[in-house]
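Dropping a structure here in structure tokens format, bear with me for questions.
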């Protein structure tokens, strides 16, 4: 097999302060499809270009942030093997039973060194509304709002990122696409695919911190259209539309009504595991993060949930 | 490991009728970097976004067409295992010694059912001019001509495509991203990555036939810029700029001075091996190939080298 | 004054075979705003980026085609002067009273040598829904369908185009931006503005013939998005997305349900009246019309309404 | 005539601190064509899409800034009439003889209330390298660097902008496309064409101050390509790539080696003199200037030459 092991970022569960506001934001502004509301009030959404039951879960809470980040793995054998490897690495692995999130099979859950909850799962139902399979048009319906295709990646903040990197590479088979010397230490962009990153970490002392969740768009003009949508609806933009030096992606950072940072992302190079790791030195980190501005904005390191 | 086995289309060797004309075309118009000329007169080129020594080999000959299509695999253990698997599948596997193409290690070579020569290799030197590794700009130099990033894929024509598909999937670990009912039978788009296709086959009786080699561009506007370059230099366009229904990619088909069909390609969905196979029925094949025109042009099935 | 005389193409009245189908096409697919239905059943529409009461009038009839093409002029003094000049040139000028089209003042109407009805008017009410005036967003509402900004120009077919050109230039103050040697004689692209064309004529024997009406889009990626909308809703495309050599514009030709050809158009150079006239020779006319294809399609000269 | 009076911004003369650095910047980075060096050392350049002898003049001096801004008018009768009107308005009009800038005829020169030198001229030779006239390709040569098409407009800072506006509108036939409440008073965007602005003024006490000169690009993707060129060559960016609320244009502000602010600009709505004036209130001025950021950066009001 060519694509094996961990396939992709599959599910992110976010805490939001007001569910109605959050639904307007994620469904009508980002353009995600609303799949269902669970018995416990969690709301499930997905991108129009995703096959799986859902990829974004919103949970109403008193504090914004990320509950968990779950990867879809190739199959149940892979899941069992990886769960054993994770336990052998020294993490406590617990089972989240099938159905805890509707449509999703058994999840293996564990906390990594940075304090984040990472999960793995192999089985998930297909959504009712998927990309068309027979004679597919380029979209199953006209895009709405920003028209995001899919959940793409997240950037997480926390301590012990060197150890997190070791775990992701030695146990989960990720590669380090890029590194950057940040004030708190080496930040890493990790990939399990041809994408320039599937998850990234920046070292800070606060454990289990959430910088942003990114959604994929096809091209830079979709990113600027998303910017027009943000300005039209007065959605606060952090930075952009701009380009990252790191990954080369086109980007806007903006905030959901609860203060969770979102990103729309397009482009980025095609990564292969035999590529050398790219690195950014401390004096060029500004250009690495924001290629045109060539300096970090105040909020990049200080604002997270 | 997440990306394993066959990593990518690595090298394509093409026959050209006049080397000087071919160099102008591939270097100055497509914008490939000219790496070197070998002792036997073969010319080696690569895209500015590729790390390996070369990806395109031009050989002067009396007839246009493709000599061979070689895949880079993950490592030498993978190469040995795959070579054994290919032999066990019943193909005669021969060794092409390291250095037969400068910078490239041992290649395992075999002819598949459609008559094409496919090769696998694990070792290749890095080029002198690669993408920058430390504090990389978005390109290592200003793009020239069409500014193609990299060798992306090829579409091959020949008999027994059902068997070819079986071989690629069962031995080399490829997935069938899409199929289409063509006049000669089922055409297939095969992938070993997150790309919508790494190689594709359309069934016709003529063995070992070559439809096109594709080069990757970042976005649709780069594709139309490539079209401007083609019109400016009177490079014959077959079809486009347009969009494929199959893969959703932005595309232009055009011809090199020897009559080999080239493609510039951007976009295409993100593929995962747990995605269902998309399929196109005979009555919609025109839309599948050329999404806007919704009909095949005469040349698509009849012109190949 | 810098912009004087004839300001712009203001109104086009088209004949459609089925009004319901036409409304779906022009409102939901092109994305025009439906303004009102008149007492006589005519339907009035406008682009989201237009201030005037309407720009497109649909009239149900047994045959497709164009009833009239009306230019907005600077003011009533200009209207009176131009009407006198037209009459002095030898055309019979008749009055269409204010209100014959809701919101539009007195129109001066006359038939030009090619058999088309051309009108001039100075007064028109502003629409209820205009672009925002105070702290305007980039659009007054999220674009729908193809999201066309405005009525841009038309291409008309008919006899005696040399005389038509003389009339437009010597009486209405237009300039010839480009000419092309077509089988029936010299075609002309005429402008009264910085646009590369406001109206164009191709010589054929049939009088009063209509080739297409064009709607403006901001950029090429909006043109290809329009192509995606067309493919999704099975709207027949004539040619494109492509580029014109003439004007350099990005373009798709397609058909409304009655067989009237439409165009979405973006780009084109900035024209000034001291620019030399560009010209296309007979052997390069294909490239002039369709820059990438470099040949006329069969329909360009033979299909009109 | 439809386009009459003042046709366009024709020539801007800038002061630069080091001519060699300036030539590299304007020729190799912006992609202007170098036309010639005059006997007095001034260097003349133009965009590839301009017909006139030159549009940018660089003069080496001890201080950066703008010497003069000259408009091309329709013809010599217009020039005489406008010069008389300017004198009647109360400005002292002096003659700059033909040939003072090579290829340019008699210029009428005067100082406006804000302290800037404005000139008018009717005659200018065509450049040797113009856009092609017969069977023109979309460019006369492959674009280099940012590939700017043409000199587009300037934004000037100075006192008494209300009076400047009165002069431009009542004497030169300009319209006020937009206004904005800035800390120093009402800023104005003035147009003599279908462009959203040909010249703009922001009120500050310092007379004869220069904010930026803008160069036209066809589309937003050309603007972001320009941004890539700036980052690659370490050209300092002030703001962008972003979008203006005012004019809707796509933009980057950046600096030449002497500290003169440049802009690359694409898009902007199509303006007509019967359009209402758009206005921006003090609380929304940030969004007016930078549509996505929605706040002024420090440098916008404080940095000028």
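Chains here go by letter, A, B, C and D, matching the order in which they are written, and residues are numbered from 1 within each.
Just so we're on the same page, a residue touches a chain if its C-beta (ideal position, glycine included) is under 8 Å from a C-beta of that chain, and two chains touch if they have at least 3 such contacts.
Remember, predicted model here, so these are calculated numbers, not experimental data.
K.L.:
For the two copies chain A and chain B, what is the rotation angle that overlays their Cα atoms, in steps of 5 degrees?
P.N.:
C-alpha superposition angle, chain A on chain B: 180 degrees.
K.L.:
Among the chains, which is located farthest from chain C on the basis of C-alpha centroids?
P.N.:
Here the answer is chain A, farthest from chain C.
K.L.:
Count the C-beta contact pairs for C-D and for A-D, then tell me which is higher.
P.N.:
The comparison resolves to C-D.
K.L.:
Report the inter-chain centroid distance for chain C and chain D in whole angstrom, where each centroid is the mean of the CA atoms.
P.N.:
Distance between chain centres, rounded to whole Å: 31 Å.
K.L.:
So, what's the distance in Å between the C-alpha centres of chain D and chain B?
P.N.:
47
K.L.:
Based only on mean CA positions, could you tell me how far chain A sits from chain D in angstrom?
P.N.:
Their C-alpha centroids are separated by 44 Å.
K.L.:
Among the residues of chain D, which ones contact at least 2 other chains?
P.N.:
Residues 137-138, 219-221, 228, 231, 243, 245, 287, 291 of chain D touch two or more partner chains.
K.L.:
Which residues of chain A touch chain B in the complex?
P.N.:
Residues in contact with chain B: 1-8, 49, 51, 72, 74, 126, 130-138, 149-150, 172-175, 191-195, 216, 218-221, 243, 245, 248, 267, 269-270, 272-281, 284, 287-288, 291.
K.L.:
Touching residues of chain C toward chain B in the complex: what are they?
P.N.:
On the chain C side, the touching residues are 220-221, 224, 227-228, 230-231, 237, 240-243, 245, 250, 252, 287, 291-294.
K.L.:
Would you mind writing out the residues of chain C in touch with chain A in their complex?
P.N.:
Going through chain C, the ones touching chain A are 137-139, 142, 145, 219, 221, 228-229, 231-232.
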